[in-house]
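Shared between the two complexes below is subunit A, which pairs with subunit B and subunit C, respectively.
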Partner chain A sequence: MKFLGKHRWLLLALGLGIASVTAQVQAANEQYFPLQSYRIGPYAAGGSGFFGGFIDYLQYVNAKEGGVNGVKFTWSECETEYVVEKGVECYERLKKGLNGAPAAATNPLSVGIAYATLERSTADKLPLITINHGRTDSTDGSVFPYAFPLQLNPYSEVSAIVNYIATQSGGLDKLKGKKIVTLYHGSPYGKETSPILELLAKKYGFELTLLEVPHPGNEQQSQWLTIRRIKPDWVILRGWGVMNPVALKTAQKTGFPANHIIGNIWSNSEDDAAPAGSAAKGFISITTHPSGTSFPVLQGINQYVIKAGKGNLQDPKRFGNVYYNLGVVNGILNVEAVRVAQAKFGKRPLTGEEVRWGFENLKLDDKRLTELGALGLVQPLKLSCADHEGGGAVRFQQWDGSKWNVISEWVQADRQLLRPIIEKSSHEYAKEKGITPRDCSKETVAAK
Partner chain B sequence: MLYKESGQFVTTYRFDKRFFRLKQERLAFALLLAFAFLVVPSIGNDYWFSAILIPFLVLSLAGLGLNLLTGYAGQLSLGSAAFMAVGAFATYNFNLRIEGLPLIISLILGGLTAGGVGLVFGLPSLRIKGFYLIVSTLAAQFFVQWVFTNFTWFSNNSSSGVITAPPLHVFGSDFNSPVGRYLLTLTVVVALGLLAKTIVSGELGRKWMAVRDMDTAAAVIGISVPKTKLLAFAISSFYLGIAGALWAFTYLGTVEPHGFDLTRSFQILFIIIIGGMGSILGNFLGAAFIVLFPILLSNLSSGLFAGAIDPGQLENFQKMIFGALIIFFLIKEPNGLAKVWQTVKQRLRVWPLRF
Partner chain C sequence: MNFFLEVFTGGLLAGVMYSLVAIGFVLIYKASGVFNFAQGSMVLFAALTFVSLVERGIPFWGAFAITLITMAVLAWLIEVLVLRQLVNRSPITLFMATLGLSYIVEGLAQAVWGAQVHALDIGINDEPYEVFGILLSQFDLFAAGIAGGLVALLGFLFNKTRIGISLRAVADDQLAALAVGIKLQRLWLIVWAVAGFVGLVAGILWGARVGVQFSLSLIVLKALPVLIIGGFTSIEGAIVGGLIVGASEKLAEVFIGPLIGGGIENWFPYVLAMLFLLVRPYGLFGDKAIERV
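On to the complex of A and B.
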């Protein structure tokens, strides 16, 4: 048994590992957020900014108000590296809650992971929040009761971009004959919008070329040479992580003007534009929330969290950038959903099922947003049983070489056009999986 | 002492070909199966089934597939993930497009499709060997991924290229719960594992090993080298195909072509290198190491150091420790974990005496 003797430390480690998984201590009055975060790998900039903002907002609510109605927030992280099976492992590890505090909702910030945990979330009755991304047809809450592509689903995003291009060209009828190239990330996220782009191309008569950039996207020479050959009027950049700065640099090398590249919602951060240096100057992107630190809520975070030395960001310069602010927005939406649900179910830690009701009855108008100090940061939003998206509006911003400047008012997606497509897809899913859609008229609604 | 062989004589050829020649081994295996089938379902929880045991079993099966090809028949391959992808997408399509086809039949058909594709990509092995063969199997890796990415028919025109598994029903029973998925996976893996054991201890396995050790000599004693190599590719790919289908159906429940990229092929190769080439048990040990160790490290670090160290740093430390462990194991035992088990068995034979 020399082997065992020599490797006693290993057994010890094994024992400790199992102990740390199973340790469960009863904790009172806390609501838990399982965070499937990612801080290393090619998408670290997005993950660390988003989860930094989310965690800082939770810390802010804890420090300023002592949580929601006395229920404090707690969280723990599990690294996914944006890899699906790691995300699933994290989901299974964290879904049970922490020290007795029940989990409120999961926020994986990855379409791949969201797809893989969609059915698990439904079975476990735990809301799956995919802010500004996710599976488009999960907007239809009657089929997907636990999935919430909040603010902006991928179809709305594309529709808003096409509407913007139309305004720039002088109307939707002027789109005819225009050439648009979409450069997309080779992942479920990247491909999600291809069918709707093709549909819009047919409807408005523009010529569409879809070009895939393989994950992670640090090699794009051939794609941009193709673009140079096509000479499009606009390029829609549907990038993610390292793909974005590389796209901008390669565009400059092949002579395509940055001010005719429109970045989508995951190509819109300082971390996407700044690394490209001068090549990014003039680059346009959409956003659901401006960057900046002037909003009262960010000032509050600065005062209560950052100045107290508890800020989650390693690089304080990233405070108030696009990813960070999205994390804050996500924090606000999650916390508000808990607040709405507490008003119905009582001032105590809630189960995922109860929080789901909170999301479905979430209503943020200008008045509430002013109270939260987030007017202009979060768009007015109203969710319902049938509509799990709520907003669907974006603004456009342009990079001036050092920061983003907002260059448009809210541009609305054509949601009436998209709704039947979404419903068709969700009903197909329901049929394939044997789900009977809920009757939304029978759902209980929050008291007005 | 415990592992005494004395008194257990092999008197017939049939007896010589048994799965386990020693009484102790048979008993241990029976106990292990009883534990896995009867005890684990009652003591495990969702996390153990969905995040640890199922991926461990599936990757063991994939390792087994590659080991048949590389460890037994001596043909190097970097296309394992491609054959897994073929298995997953073929099973999905059989299940989707043929109404009323039982899941198990789709699974077998998916495996056979993967076997067929493996056969085609095994053809170059008739002319080339070693590193050059790696390059041609690498072609399979990229080609298959390209096909599934660019021809959306395979994913039923799903906009994001992701396929989602249908509800799992076998012989009228529902296997959708985590424990059901575990049992389904376990059954398939045990059945195929025993089949593999039969193959490698039988005529075909001996032919494979003869070809592996020296193909000219094998040809001289009358073995058809091309047939043997191609069979190795086909059977290995069948195993990988089934593993891919299980990965998609019982583990993740959804899969996209990029889930089966080159990294996955490397992962499977590492499983058999660390587990042990030319061993059935080695695949399970290797998969346990590759799958469980990072999870263990991650659980440990989040349990012990959460809050004390920056989470990103912590993650990088884990990678370093895991890498160092791989190097340590390969220095200590270049023949893999299966060899460690052999050594332990040798020691047990005389334990508690020294010689």
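On to the complex of A and C.
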């Protein structure tokens, strides 16, 4: 006891040292995801659902498979409140990894933060994942090697919506003379698609009116009275957060039918429609993934994570909603990229540069999606050096007053039309920044 | 002309909603000379508490009463932990305290009740009425009625009760009020609790209109120009200011907005407020500050 008393500080230091080494050894076989999440602030509903689904999928892979090839996933969160400055601060704080576990990719779920960290991600060789959003020209991986607007970039999104309107009208030629209003969020995200909408209006001859709703969008009387005066055939709602239910309520107030409003990818959740009550009934929106809990992967998460009391959602009723499922889809794509990269670089924690290769060579066909239990939840996807989007298809869903029902098959964006526009923009960016675009034909050969 | 009238009327009705929030500011400013930046957070806290109780099966009026008690407890905590500690400090110190308070109350509300969006149905259908070709929102008319009732109630409280007379005495001269035995701390508690009640009413109406969610706390930004225009010390001013802000921002957005790219209704009321500051710094109905120099 006397020895213990005399040397207790030495023993304590030794104990701490052992604990620290153990942590490092554990971390040596872990892959880290830095999460610039937002669980408070005006867009917390989207952030908490998305990051909840993402984290629960990582937990599920850890619990069911012990990670990928024995490499477990770890993560930590940094609250951004959807504020760009905070997002950049979080990026800088988390990018170096956690306890020796290297960072795989960043997933800020914010156009503003994505824009602000784009060049940093390239310099730091850390993939920047902007699922269903982000800078459209970052689809061109020859100029933007580290940015991945997975599944659906903003141009594809509006192209698919216009194609859907054409289908409802009886063909693309019937768009001529139609009146379409786009009500957009007053932010870089909201304005992203204005040029392509103008181009599509010119090409197909429809009359386009662009109306901005200042952030956050909790007052839209003037915009909807203007819409009432224009008497459009369709309104495309490019909203976010509170702007969506307010749009639906104000539409009702001004007598515009909800079944002629088409919500974009960030106007498509239960949190967007339900608060509008009866005003949302009939509202149509696009989706890259349905809500629901019947998919085997969701059942697995329920079994391994939710029932084990480890679910990330504060309100378990949100399990399987649109935002949550988007988080799960994002988790699947991130984890599969790590898996693909491990197959090339070895079964160990990977650097961001190696994970980038995994994303660029990601291929999810129906067979693989079935194995993952995500058939019907995730669209088939094939990425490449030239194409960092991979999908470009959406389905349409309609709110029945209490839930979304899918009402269409996959509707594809006109990617052939969009590609030259994307390349023009990406090459202008390359010129401005002095970037020499990669030769993707060589990259593909290297991948083989 | 019909369209102009429709925008104008819609703006007036939207302005009433701003007034509801602005009234809460006026109450606290009248009693203590403090611009309570936390009023928006109090609206959020009240609405989140109310809707969460309703979702747990508590009837409307039960939830209303419990939320009211919660707001009174919150007022008491603010009085004991913040205001009492800052007695005799400069107004800017008190303002900064309420700024900090707003973040604390926002964080507390979301920590307790979560960040998800809640639908709130108070049974008012929002199908529009058409009067001479002009659409009028049923809900906004209802809100205007509530605002009118609230002004009448507060008018009674201020003019016909002992508490009201004490409040007016404190607003006129704190030291003189203390000298004649008015208990300042008790009054502050009452005023903050009444501001909590106003916040609850505003929160329920705004929540029913836009869903109960974080952005309710941002409506404080709409109240500021209302107060500058109407005057910080007048409930009637808050109503008139709200009407002016509501109507002018809608007309500006519809008729001037397209000429300069749109999306101007967030900052237009501030332009108007600045103009008012230049010509009538104490607002339309505010007390003119006279100081001996």
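As a convention for this text, the second predicted complex is superposed on the first by the 417 of 448 C-alpha atoms of A that agree within 3 Å, B and C clash if a C-alpha of one lies under 4 Å from a C-alpha of the other, contacts with A are read in each partner's own complex, and residues count from 1 in each chain.
Following the convention adopted for this analysis, a contact is a pair of C-beta atoms (placed from the backbone, for glycine too) under 8 Å apart; a residue touches a chain by one contact, two chains touch by 3 or more.
Keep in mind that this is a model prediction, so the values were computed, not measured.
After lining up the shared chain so the two structures overlap, which partner does A:Val406 touch, if you call subunit B first and subunit C second: first, second, both or neither?
neither
Touching A:Ile230, do we find subunit B (first), subunit C (second), both, or neither?
In the superposed model, A:Ile230 contacts neither subunit B nor subunit C.
Given the touch rule stated above, what does A:Ala274 touch, subunit B (first), subunit C (second), both, or neither?
Only subunit C is touched by A:Ala274; subunit B is not.
In the superposed arrangement, does subunit B or subunit C reach more residues of subunit A?
B
Contact-wise, after the overlay, does A:Gln314 reach subunit B, subunit C, both or neither (first, second, both, neither)?
Both subunit B and subunit C are touched by A:Gln314.
Identify the partner contact of A:Gly186: answer first if only subunit B is touched, second if only subunit C is, both if each is, neither if none is.
In the superposition, A:Gly186 contacts both subunit B and subunit C.
Quick one: classify A:Leu199 as touching subunit B (first), subunit C (second), both or neither.
neither
Which holds for A:Glu79: it touches subunit B only (first), subunit C only (second), both, or neither?
In the superposition, A:Glu79 contacts subunit B only.
Taking the superposition as given, does A:Ala63 touch the first partner, subunit B, the second, subunit C, both, or neither?
In the superposed model, A:Ala63 contacts neither subunit B nor subunit C.
Identify the partner contact of A:Pro216: answer first if only subunit B is touched, second if only subunit C is, both if each is, neither if none is.
second
Under the contact definition given at the top, report the residues of subunit A touching subunit B in one complex and subunit C in the other.
Touching subunit B and subunit C on subunit A: residues 39-40, 44, 48, 186, 212, 215, 314.
Taking the touch rule as given, give the residues of subunit A at its contact with subunit B in the complex, in rising order.
Within the complex, subunit A touches subunit B at residues 1-3, 13-14, 16-17, 19-21, 23, 37, 39-40, 44, 48, 76-79, 81, 84-85, 88-89, 92-93, 95-96, 111-112, 115-116, 118-120, 135-136, 186-189, 191-196, 212, 215, 314, 425, 432-434.
Using the touch definition up top, name the residues of subunit B that touch subunit A in the complex.
That would be residues 46-47, 50-52, 55, 149, 159-162, 164, 166-167, 251-254, 256, 258-259, 295-300, 302-304, 306, 310-312, 315-316, 340, 343-344, 347, 351 of subunit B.
Which residues, counting only subunit A, touch subunit C once they are in their complex?
Against subunit C, subunit A makes touches at 39-42, 44-45, 47-49, 186, 210-216, 218-219, 221-223, 225-226, 228-229, 241-242, 245-246, 249, 252-255, 271, 274-277, 279, 314-315, 318.
For the complex, give me every residue of subunit C touching subunit A.
Counting only subunit C, the residues touching subunit A are 3, 6-7, 10-11, 14, 106-107, 110, 114-121, 126-128, 135, 137, 139-140, 206, 209-216, 218-219, 222, 249-250, 253-254, 257, 261-267.
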